[in-house]
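Chain naming follows the written order as A, B, C and D, and within any one chain the residues start at number 1.
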Amino acid sequence: MCGIVGVFNNTEAANFAYLGLYALQHRGQESASIVSVEHNGTSNLRAFHAEKGMGLVAQVFKPEVLARLPGNAAIGHTRYSTTGDSNLLNAQPLLAETNKGRFALAHNGNLVNAEGWRKELEWRGSIFQTTTDTEVINHLIALSRKGNFTEALIDALRQIEGAYSIVLLTQSEFFAARDPRGFRPLVLGQAGESWIVASETCAFDLIGATYVREIEPGEIVRISQNGLESVKFAQAVKQQCIFEHVYFSRPDSVVFGRSVYRTREQLGRLLAQQHPTPEAEIVVPVPDSGVPAAIGYAMESGTPFRMGLIRNHYVGRTFIEPKQSIRDFGTKLKLNPVRELLRDKSVVLVDDSIVRGTTSKKIVRMVWEAGAREVHMRISCPPTIKSCQYGIDTPTSEELIAAHRSEEEIRAFIGADSLHYLSLVNLRSAVQPGEHGFCDECYSGRSSLVRIEG
Amino acid sequence: MCGIVGVFNNTEAANFAYLGLYALQHRGQESASIVSVEHNGTSNLRAFHAEKGMGLVAQVFKPEVLARLPGNAAIGHTRYSTTGDSNLLNAQPLLAETNKGRFALAHNGNLVNAEGWRKELEWRGSIFQTTTDTEVINHLIALSRKGNFTEALIDALRQIEGAYSIVLLTQSEFFAARDPRGFRPLVLGQAGESWIVASETCAFDLIGATYVREIEPGEIVRISQNGLESVKFAQAVKQQCIFEHVYFSRPDSVVFGRSVYRTREQLGRLLAQQHPTPEAEIVVPVPDSGVPAAIGYAMESGTPFRMGLIRNHYVGRTFIEPKQSIRDFGTKLKLNPVRELLRDKSVVLVDDSIVRGTTSKKIVRMVWEAGAREVHMRISCPPTIKSCQYGIDTPTSEELIAAHRSEEEIRAFIGADSLHYLSLVNLRSAVQPGEHGFCDECYSGRSSLVRIEG
Amino acid sequence: MCGIVGVFNNTEAANFAYLGLYALQHRGQESASIVSVEHNGTSNLRAFHAEKGMGLVAQVFKPEVLARLPGNAAIGHTRYSTTGDSNLLNAQPLLAETNKGRFALAHNGNLVNAEGWRKELEWRGSIFQTTTDTEVINHLIALSRKGNFTEALIDALRQIEGAYSIVLLTQSEFFAARDPRGFRPLVLGQAGESWIVASETCAFDLIGATYVREIEPGEIVRISQNGLESVKFAQAVKQQCIFEHVYFSRPDSVVFGRSVYRTREQLGRLLAQQHPTPEAEIVVPVPDSGVPAAIGYAMESGTPFRMGLIRNHYVGRTFIEPKQSIRDFGTKLKLNPVRELLRDKSVVLVDDSIVRGTTSKKIVRMVWEAGAREVHMRISCPPTIKSCQYGIDTPTSEELIAAHRSEEEIRAFIGADSLHYLSLVNLRSAVQPGEHGFCDECYSGRSSLVRIEG
Amino acid sequence: MCGIVGVFNNTEAANFAYLGLYALQHRGQESASIVSVEHNGTSNLRAFHAEKGMGLVAQVFKPEVLARLPGNAAIGHTRYSTTGDSNLLNAQPLLAETNKGRFALAHNGNLVNAEGWRKELEWRGSIFQTTTDTEVINHLIALSRKGNFTEALIDALRQIEGAYSIVLLTQSEFFAARDPRGFRPLVLGQAGESWIVASETCAFDLIGATYVREIEPGEIVRISQNGLESVKFAQAVKQQCIFEHVYFSRPDSVVFGRSVYRTREQLGRLLAQQHPTPEAEIVVPVPDSGVPAAIGYAMESGTPFRMGLIRNHYVGRTFIEPKQSIRDFGTKLKLNPVRELLRDKSVVLVDDSIVRGTTSKKIVRMVWEAGAREVHMRISCPPTIKSCQYGIDTPTSEELIAAHRSEEEIRAFIGADSLHYLSLVNLRSAVQPGEHGFCDECYSGRSSLVRIEG
């Protein structure tokens, strides 16, 4: 779970990278980093500037910090740790000084053969500075005997497997690349003379940039003073992450060429067809992520939509829980019921997933305590039965409630009158499988990994 | 615009006051303060502890700050400046050492005869430490010749006019009081052996307290080791602030005995009846405050409800605007359109107010730029034509667009195809005037002030 | 223990006040505050700016804080609590809004009749905002029926007793005043068109100002657009604090008209005459305060002066003591012996005072452990036998080792071969009693307080 | 200019490393870092903990930061940049993950063949994470084909040239090493069962450790659960840095087996013999570093020693210079003259060096403005004529005033009546050349570098 951004040919590159990261904050809230460089400058080996910090983008990048990031090109990264220690030492972009010059690389995804490469490279004498899998790519670039940087990058990418969307900055060029399956999103935008690359289109909206197209699976885009150039380094075999549409991306983004909001509303409609609740009086979303599906459910079923749970948006990071503990305190900090709406009502509660089941249990209890007469839980995706190996921070399969329990057992655990999930067939139809290939291993349990030939 | 809270007989009084202020954060985001005292302690004149700071509640009250607030009684205040300089010197609760002992007082409201009293008191030799009107009450208490504190407080309150909800802490007692008109809300709750007083019931939900009742207009509630006692210091003449229901209170609160969410949804329904938009294809709220009215509008009209604008909830306080300015940057930081929903649609945009008109103009433009075919603006209250003198931070009448321009002129200014407001009659019917008296001077222009006899 | 400063008619008044406080940092390290005002401005009641914080001057007054202190007049205060709670609420300058306009006052000293006045004033209905004795002066000014501010100030000062040096700022005038005994220092300086008042002359050196003269005991100096004016409000009866010369003032200051360094060197010379140590091989000061006396002792005795103890000047405020405790850790943080100098030597250790005896004991042990053959302790003042009631933060008489133990007992306690103090007669001769009257109650036990007639 | 420390077999290793760095603060004030590891723990690859920050040791290592450094072994580094960018990315200790496991290395010194190695290693495909020369050592260790870590370290050290004192931590061992010339100091101490290695002995005094001996030139000391072991990796050819004795080390340290204070006092004595000033009335040091030499000068000449310049020890890092500039403001912040001592006196001013001459000029002017009749400058070392290539942060030879100007020209520039330096012969005699070999290239201009055979 990470967000990445790259800005090229912009006198305020770091400021724009910062705004892009800000719009991508939902993709990683642990740390934020930006590396900038002046591409028009003289060839000065010391020209990279790097700033990083733990915390939210707006906390890390105070004005005085941004002022230390001059230059007309920049890449940024916001991170929620997936592999590697969860600390600042591992924060990307990683800087490398090599025989191909200095460069900085940031990546969103997970490599599946990183551990093997690491052992091999260490055996050869390479030093790793972090425990992230990203660093393997840097070493493969440095060790490539290819004549120019683009070729060395192709060389490196052909040797790694897994999910990756990459932005990379050298002292005169900017690269964006996406793995052959196109697992994670990566989009290209334009603002005047500047190019922007970002994980999602919501970053463009804030910056005032226009969406151009996706970086294609298996494509490297190279941008320099000579303009934009596209290189296909591998045959695309689309296996895009379906969870980006279900939960991870922002609803106002276009991801894999399709509106996330539209997908989610359609998930709600299909859920209403598959699991109607004729006895219910109101449809209530678990905000904010459950809202589009709940609207779809309400539309399709004709049951009134109500914001029966209000989300508190002032949550700070240093919250003090009182010693004399308040039941479900953490959930109450985030959500509060509107008692007048819920009292004596038969409620359909729409959420986008049940992971461990503990949060759902607390929310259901909150609705009961607000006086609901019936509580029917509806989930806008299939049961999550397998942990993701490509960078989504799902818990281990042991912790996934649906990996071990039947729907009836889960219903009993969360304390609802009824519980139903959307079927995998319906999920697939909502994201248009005809056009796009998706990875749904977390729901189907079937590996989607296809070995890519270069 | 302020939020106040008081906690009595709780070993974690300051922690609970902090959580209460956190739930009331929407009532004031400029500064936050808490004063605590140990009521069971020996009679130590030095026993008050005070901490205050500029910023959000969770920023000011770090764990180490809360640790400096021991005691079993506390009052807190979160503030958006109305009178007085906007700085920390004026932050309430104000501490006073007097012939009646030490006390601390926090107040939400605005006194209309404060300036006259201030001149009179200064002439007598009193020293003011702030420019807030609150301090007048402290001096009237200190100067009262009445024998005990309760009587001195009654004495003081009978001499002031205006809107006030008060929490007051002495070294052994806790007081809550509300002006005879009951202009600002103030509610009483209970959690085990502890009493809680707060501006809105949403503070109780977070703390795990139960709503008991409102502090009545013209009532002083006195809580001490001897329990709770109620004193009527003036005849109630209800003139409650209608704007609390329209905009200011949180939708999940019960205010003036009525659910705020329900009121707002009803405003939307009445708006749809009064100003239908049969040509529209979707109803889109301006989030978050416009959501309940938009749901009501959609329900009543049968037009589909869509979250066509997404609110970004990571807004930090040190935001950097790029030099190469982005059009409507501030609005884009907060809102982002879902283009796929708005494109080629006839949109009803529902908001709860138009103040200066500049923000509405930007939002309408954002909807146009997302590709809408038609934009119909509907406002869930009447035009705001007069500035509030009781503590709501409305701009001066000069700045209020509706004070000078016709509906048609405003429509042209914001660039919508049509614009309609809810009528005052409908607004009044939604808050049930039969049962409650309301002040609607900001909409009607007619003063609601009634001189109160003690 | 406080330092005060005032700057008048300077476009950078707050910056200069800051630098003055910085030079006076040794007089109080708990909190620092500045109030500024624009005297040339229009008569705006809101024109005072105030900033304060806990900690060192350079920590509190970051550039962004100083930027909030515009104006051409300013007063500042750095404080080590003497009376009142040790917290920010009590930090001076105190602001007052009165019938004589707004003013701010800062004071160095201790009033002996403050508690009586406080009770009397509270009885009349006055409210105190702090527990400091300073606030009594503010109330007496506010209550005075005199026609102008200067007369009201005289009125107030004639009613209080004790030690005080005062700077006071109104919206158009600046005042400096000193009690009739002249207990605490206060000096007047000039820099171009600007006037500076400060506790010690070292503040002038840093600012680039020239020393003009002392504010006289019993004098009020009033500075306004009309220039400087002097008023005698009481007959001077000099009883200046002898401890300023012995320890408290900086050695590079001129205090009570005399160089502090010269006094201390003379104390050392007299100490050598009174208590020679012919067997000693080196004279070692306890740095930094013992250095001038040790130089004097070495000169007079002909014994070589050596810096056998080095002071560590990087001491931060958040120091972590290891759990596996290191003997005399706190002392080691500050001082380190030069073993090569002390080994096998007979050492005269010169310090300026022994208070509780515990620090001296640790230092003597440090010298022993460095290998000294003999340790002879010499103190450049008489035994401190009484706690100060005029604002020096000496411990209670119970804690003063010399209040209860003989010189021989103290010697045994600190573990030295010999211990001798300077006699009171010699101390008096060093500060030239012929010219100046001094208070030496802490050494003599005899009260120097003289009731002053107005 | 750096300070390094290592702690082995201590349950509070990071706390002790912190205290050691604190005592070594004078060796580098730009950044501070500590890496810790639990040597007794299970073989966990993730076991290193690292914290670093810009600023003083006590600012960087707040209690909450130290709490993130568990383990029983730690190394630390405090740095004033010599090579490499001056920023946090370059802060040591550097962490490396290699085929020989994880390790962390910190070094004080300068390698002269680092640039060549860096090019060679990059050509082979190695990636550098910093621009420091230290990183070359890490790569040479990683690339060594030797069987165990000690041999790989020897392998690496035999390939580098220059000045280095090293501390290195693996997951089970601790190493300390010094280059064959022993250019920079490095000492071994013991505290109970724990071993401490530090740049200077003053670190031992604070920690309560006992000085054992120097790490010898050309020696590697290896400490593990099996105890301490010494390996000679090269023949020692002593060429120790004479500047450590003249200026850089703390006077209370024993460096290269000799007391720094004693050396400096002796430099002052020899200076008085070589350049007597019979007409002078007082000897005044430029504090703090000039004090021991001034004491020596005063003793030898019989001229009285006086602290005529007082150093202000509260200097903070965010100092604001007023716009209306004060002459020699920066110098005044640090030093203040005692006018009473200097007025009408013929003064010998003793300092330990003149670098660019600008500071000396300001100090001489300060003494003149305090009223001195004559000012005679005496410097306790020869003229600095060459920039140091082994890590002392002297300016370029172009900036060194003595590289281009005669003594008479320098005297005229700083504005003194006379100026004299100590001769190189005398400097050498003071540090006992019979016993120790020293590098004095900065004074003599003659390179002391001897190519070392492994």
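Rule of thumb we're sticking to: a contact is a pair of C-beta atoms (placed from the backbone, for glycine too) under 8 Å apart; a residue touches a chain by one contact, two chains touch by 3 or more.
Every value quoted in this text rests on a predicted model; they were computed, and no experiment measured them.
By label order, what chains touch chain B and chain C together?
Shared contacts of chain B and chain C: no chain.
Using mean C-alpha positions as chain centres, tell me how far chain A is from chain C in Å, no decimals.
For chain A versus chain C, the centre distance works out to 60 Å.
Centre to centre, by mean C-alpha position, how many angstrom separate chain A and chain D?
48
Which whole number of Å gives the spacing of the CA centres of chain A and chain B?
About 37 Å separates the centre of chain A from that of chain B.
Which residues of chain B are in contact with two or more other chains?
none
Under the stated touch criterion, can you name all the chain pairs that qualify?
A-B, A-D, B-C, C-D
Which chain C residues qualify as touching chain D in the complex?
Residue list for chain C touching chain D: 11-12, 15-16, 18-19, 22-23, 25-26, 56-59, 61-63, 66, 202, 205-208, 250-252, 254, 259, 261-262, 265, 288, 291-292, 295, 298-299, 304-307, 310, 312-320, 322-324, 326-327, 329, 332-333, 336-341.
Help me check something: in the complex, which residues belonging to chain C touch chain B?
45-46, 50, 85, 89, 94-99, 122-129, 131, 138-139, 142-143
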